[in-house]
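Down below are the structures I want you to see.
Each of the next two complexes has subunit A plus one more chain, namely subunit B in the first and subunit C in the second.
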Partner chain A sequence: MIIAETLEQALEALAAGARPIAGGSDLVVAHRSGKAPLPAQLVAIDRLEELSSIEQGEDGVRIGAVVNHARLVTHPLIIDTYPSLADAAALVGSPATRNVGTIGGNVMNGSPAMDTGAPLVVLGAKVALQSTNGYREIDVADLWTGPGVTSAEPDELCVALSIPTPQASTSSAYVRLEYRRAMEIAVVGAACSVTLSEGVVSAINIALTAVAPTIVAVDGLEGAIGQPPQDVEALVQSVASEQASPISDLRAGAEYRRQMVGVMAKRSFAAAVARAQGEAIAVPVNRSIGIGA
Partner chain B sequence: MVQTQDRPFIRADGPDKVTGSGRYVADLSLTGMATAKFKYAEVPHARITKLDVTAARDLPGVFAVLTQADVPDVRFGAIPDRTLFAHDIVRFEGEVVAAVAAVDAETAQQAVDAIVFEYEPLPIVDDLEAALADDSPLVHEAWEDYETGVVRDRNLASFSSIARGDIEAGMESADIVISSRFETDASHAVPIEPRGIVAQWEGDKVTIWTSTQVPFQARGGVCETLQLPTNRVRVIVPHLGGGFGGKCGFHFEAHIAALARAAGRPVKLIFSRKEEFLAPDRRREGMVIEVETGLRSDGTIVGRRGRLLLDNGAYTADADFFSQLAAMHLAGPYKIPNVLIESSLIYTNRQPSGSVRAPTAPQACWAVESHTDELAAAVDMDPIEFRRLNAIDSGDVGVVGQTYGEIGLQQCIEKAVEEIGEPAGDDEAIGLAIGWWPSFPGPSGVYVKIDDDGTGQIITGAQECGTGAVMTLPMIVADELGMEPSDFQLVYQDTSAAPYDTGATGSQTLLNNGRAALGAAVEIGRQLRELAAQHLEAAAEDIVLENGTASVVGSPAVTVSIVELAEMAADENLLLSHGSSEPLPEVPLEGATCVGDLGVAAWSAPQFSCHAVRVKLDRETGVARVLEVSTAHDSGTIINPIGATGQVEGGVMMGIGQALSEGTVYGEARQLNAGLLEYKLQTSADAPVIKTQFIQIDTPNAGPHGAKGLAEAPNVTTAGAIANALAKLTGTTLRRLPMTPERIWEETQ
Partner chain C sequence: MNSYNLSVNGTEYPVSAAAERNLLSVLREEIGLTGTKQGCDDCECGACMVLIDGQPVNSCSYLAVQAQGRPVTTVEGVTTNGELHPLQKNLLEAGGVQCGFCTPGMIMSALAIEKASDGTEPSDEEIRIGLSGNLCRCTGYAKILDAVKKTLSK
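Now for the complex of A and B:
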């Protein structure tokens, strides 16, 4: 294993066929469970300072790829401006998982059940990919092409996520269906970002977790625009359920998933609206108004 | 009352376990030690057509590969239906076909992969009703050859019934008859430490370090299957990382001992989590439960019919008596004059079932307590009132004709209900359930010695599986001798150092080993008093042992310390004693017939409990959360309140898991969720507020100072209480366990 001291070293190692490792919370677990052997050559990127900062710029925030979930949950800017991302990061695994698992790793692992994915989609995040051949930024929604599959080239390293500054009177929330309160994975989930203007919805974005081969953005919410938020909840719920294409597996049947993702969408919308109206709903929504009690 | 209750107490294994200095099997390493791996059937039912280990044996770094051909042809188990390795036929996916010892884990795995294992699939038996049909394929074609005293036939491994009064007349006299049917998924013990075994031979003697709850049974299994005399097998248990019944019985110690002998070096086996799920013959059995109860319009129960089908899995392990135990729980702690309950333990091609914490009870109690709330509703009675009316009290006769002495069930109901909070809105509700559990008397021994500096050792055969029962022994001994618990060290979990004990099973440790420890302490006390009497020139019966000294009654100023006495004894007659648990008197039964009586109808020192729960339901999702649990237990005298409270809290958490999230999922008799991600335990983040009260009633013919067991009882009632809260919230009785969010949601659509 190569321990990269500079980004250039890391990119060179990738170009030579190594795979990146930071927290190892996906790679090592997959290896131990026999799902996928560890890659023959690894390059450790967790010590790269240039990948570990959260920086606010003029247009938005840039989150380094090796920022872990625990930092996202406690970062004032993320909590205030991008609360759906904090909602999601707070639900990942256990304190141990959140302290080693990174946002870049979560994004590049490309699981359709990943918690941070739906918030990143509704927040309009771009993923920054770099290789020895160059640098590009793409919408996160264009990154995921199937379960565990991304459009990134093998030699491209995710170096950061950048999220634009939201408009005024905008907030967001993420809610997932979970059967227990720790060491859980999303049965289904939904993130919503909403902008209010003079008491009506002026922009709305919803994305769904664990109901399709990738995180999916919900289309067909135009009917919500211009409506008072309380009149839109039923629409949000039904549109989200209709657009889900879930599978049946050990965690849930397809029909239950379809119905539940509508409920999650409705609740994420309600929480995002409340936040946009200035109501303090603590992170994560799952513990404040979300599931169960 | 015992003095020990008021003493501050730090359990002896606590600091080791908390600081990480404690050693478990996985921490052991011996010179030249090889790594073991098993080849599993991975098919639920098949006839072996080829098993060739030549290529595996020839691999460099492989020290031994064993199959049934390499070990004595011995069948074992409560019904002797199993051999160490598969023999001609494999009957469940986790059956061991061969075992490998190699230089490291990778080489061992290569050897496993190099074993040629070919088979013809046989029809799978995995439906409990169909398995009883005359035309069902048989799990054991040769079942008639297995010699045992159990009532059985074809796939019926064990049958038991309770008949009392006249069931036809009783049901006819009823104003209302309510019938219910329930099904439960199997579940698992899930100890956090997956099991490990290390075996090492020196000459013709073998030492086996193993994570078992029952070292003497493990030794017995090794001796039986490898045909060795008892004194050549030594079983030692380092710290045990939990068991919950899953590490009861005899498991893989003989495989590893045989491998170590063949390899000519120590061999170590450490299970993966998946193996811990699939290979042991300890799974909480799935059940089909049918119950029909006749009532008078005033709420009095006049009759009960019941039919139970229990999934035995492929082999019987220790489950032969489960048919009767389940029948006892379907009857429940109620006064019912006319009863007919028939209970069948049925072979299937699934993993064997066996003792998991309170075997049969949580499922049967869940069903019968759900049914009881249906009964109360049918006569428009409050469920609490209904139970007060029908539950047994001191002096009452139960369904098997046992007259119960002083018992605290009614007080348990009172106290548990008293402490549960009010529902905070219409998405919250209170549910309650009552349950019972026997205490199991059995042989058990302890040695006590006090060395020349006045410090003592308690050498016990008992096994500490986390309950704290063994840790309570120094309290009992010190209390008797006027010394401090910290004056004693425990020597335990070593079959060659200590006398026999049944093990951490059946909540029996304190009941039996506690009596043995008390007996040994009484004997040492006699020796100390005689020595003090000589020294203080008084009669031995006038010597008082208190605060580390001996004094003459009425003259507290004239003393000799126990340290001084110990020093004297070291030059004369050593302070050395043993105690063993005397058999408890037999419990008479009158007026009932138990076909297939396996000795669990008559209960010594029965334990009772009531759990009341406050549950909140998210109706849109079916997600239920238990917010509060109020428990009351009659487990007799409580010797160690901190430990006892911990037992109840752990039992409640396990009960919540069984109620809401823990269940096996099968496809073609293979478990699909054999891992901690998809088999969902409750976590500490899910824990409710748990309140615990003990109803302490003087109980004759119980454990030391009137203590009964407490390890399993707290696991009996929780699921039933949660079910009754959910029935209120959903307006329907939930008929499948676990009551997962999806099942609750489906019921309410």
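Now for the complex of A and C:
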């Protein structure tokens, strides 16, 4: 175990074959359950100051990779401007999980049931990847290629997530179906970002959680543009359900998931619209308007 | 093997253990502090809860080597000169201890709520959220909540 003191040291360790660990909440659990042994060489990145800040710039916010969920839930900028991300972070695990689990870890773990994924997609986030060979930013939707698989090279470290500043009259929300209020994983979930202009929808993005091998960015929502929000709910629900390709497992059957993800999409849309209209809906939406457990 | 020091309840302990050892096993088997319990070993039940830098952490799912340089508090560290912490007394009085297995973790989570509320009285909802990562298999939640509320009331 190398405890990196500088980013350079961490990148050199990755180039030499080590794997990064931040809080370890995915890696250590997977190791102890026998699902995946810990990598032979680890480099701890959780003490790197360079990766631990939330910085507001002219174009948007840059969230360091080791910012934990607890900080996202309590950060005024995230709550006010990117509330879907705060909705999602607030639902992750328990207080202990939110303390050690980082946004970079959540993104790079690549679970299709990850809560922060759908919000990051609808918010247009880019993931910043750095190695000793260079630096690049890619759309977060292009990062995930399968369950637990990313397009990042083994020597690339996720150093930050960048989210652009939304247009005026824009807001977002994330909701999920859950069977209990803590230590839960999304049965299905949906995030929506919506922009209103003179009472009609002028932009809309929806992404779905836990209904496909990766987070699904929903397309085919052009019919919503120019329509009053109340006339769009049925379209949002049906398009979201159609684009789900869920599996059946212990937690839910495929058909149930398909039906419910449409409902979650509709509710995330309604909450995002209400927020865009200036209504205060506290984080997380699940608790504020009674979705889930 | 990694050799390092852990600061637990204000005492420095030299540790020599494989990098993959979780904090829970090092606390119990290397340092000998067995108040922290192993429940699910899967980050679900909260029996292994400790404070690291004052924040609640499931020690089953946290590598011990990553705790170096970060003060760790376990249930053994909440008493003062052998005197029970007020929360421990209130748990006993309220009947908040049944089999007792979840109690150390509940105590650590409750103390984290106290720290987070920073001198103000936490709401019932804040207490419930603060304890939401701790399972009680005896299902004695009402009396645990009573004891925590009594301790944190102003």
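Assume the second predicted complex is superposed on the first by the 290 of 293 C-alpha atoms of A that agree within 3 Å, B and C clash if a C-alpha of one lies under 4 Å from a C-alpha of the other, contacts with A are read in each partner's own complex, and residues count from 1 in each chain.
What we mean here is this: contacts are C-beta pairs under 8 Å (C-beta built on N, C-alpha and C of every residue); 3 or more make two chains touch, one makes a residue touch a chain.
These figures come from a predicted structure and were not determined experimentally.
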Between subunit B (first) and subunit C (second), which, if any, makes contact with A:Y179: first, second, both or neither?
first
Is A:A44 touching anything from subunit B or subunit C once the two structures are fitted on A? First, second, both or neither.
second
Could you say whether A:I291 touches subunit B, subunit C, both of them, or neither, answering first, second, both or neither?
first
Given the touch rule stated above, what does A:I21 touch, subunit B (first), subunit C (second), both, or neither?
second
May I ask you to decide whether A:S33 touches subunit B, subunit C, both, or neither, giving the answer as first, second, both or neither?
both
So in the superposed three-chain picture, is A:R251 touching just subunit B, just subunit C, both, or none of them (first/second/both/neither)?
first
So in the superposed three-chain picture, is A:V263 touching just subunit B, just subunit C, both, or none of them (first/second/both/neither)?
first
Which partner, subunit B or subunit C, touches more subunit A residues:
C
Between subunit B (first) and subunit C (second), which, if any, makes contact with A:T97: first, second, both or neither?
second
Both subunit B and subunit C touch subunit A at residues 33, 181-183
Using the touch rule from the top, collect the residues of subunit A that touch subunit B in their complex.
33, 177-183, 185, 250-253, 256, 259-260, 263, 291-293
In the complex, subunit A residues that touch subunit C:
1, 3, 21, 23-25, 28-29, 31-33, 38, 42, 44, 46, 70, 93-97, 99-100, 181-183
For a test of understanding, state which residues of subunit B touch subunit A in their complex under the given definition.
616, 618, 620-621, 623-625, 627, 660-661, 665, 672-673, 675-678, 680-686, 740-742, 745-746
What residues of subunit C sit close enough to touch subunit A in their complex?
2, 19-20, 22, 41-44, 46, 49, 55-58, 60-63, 65-66, 68, 109, 112, 129-130, 132-134
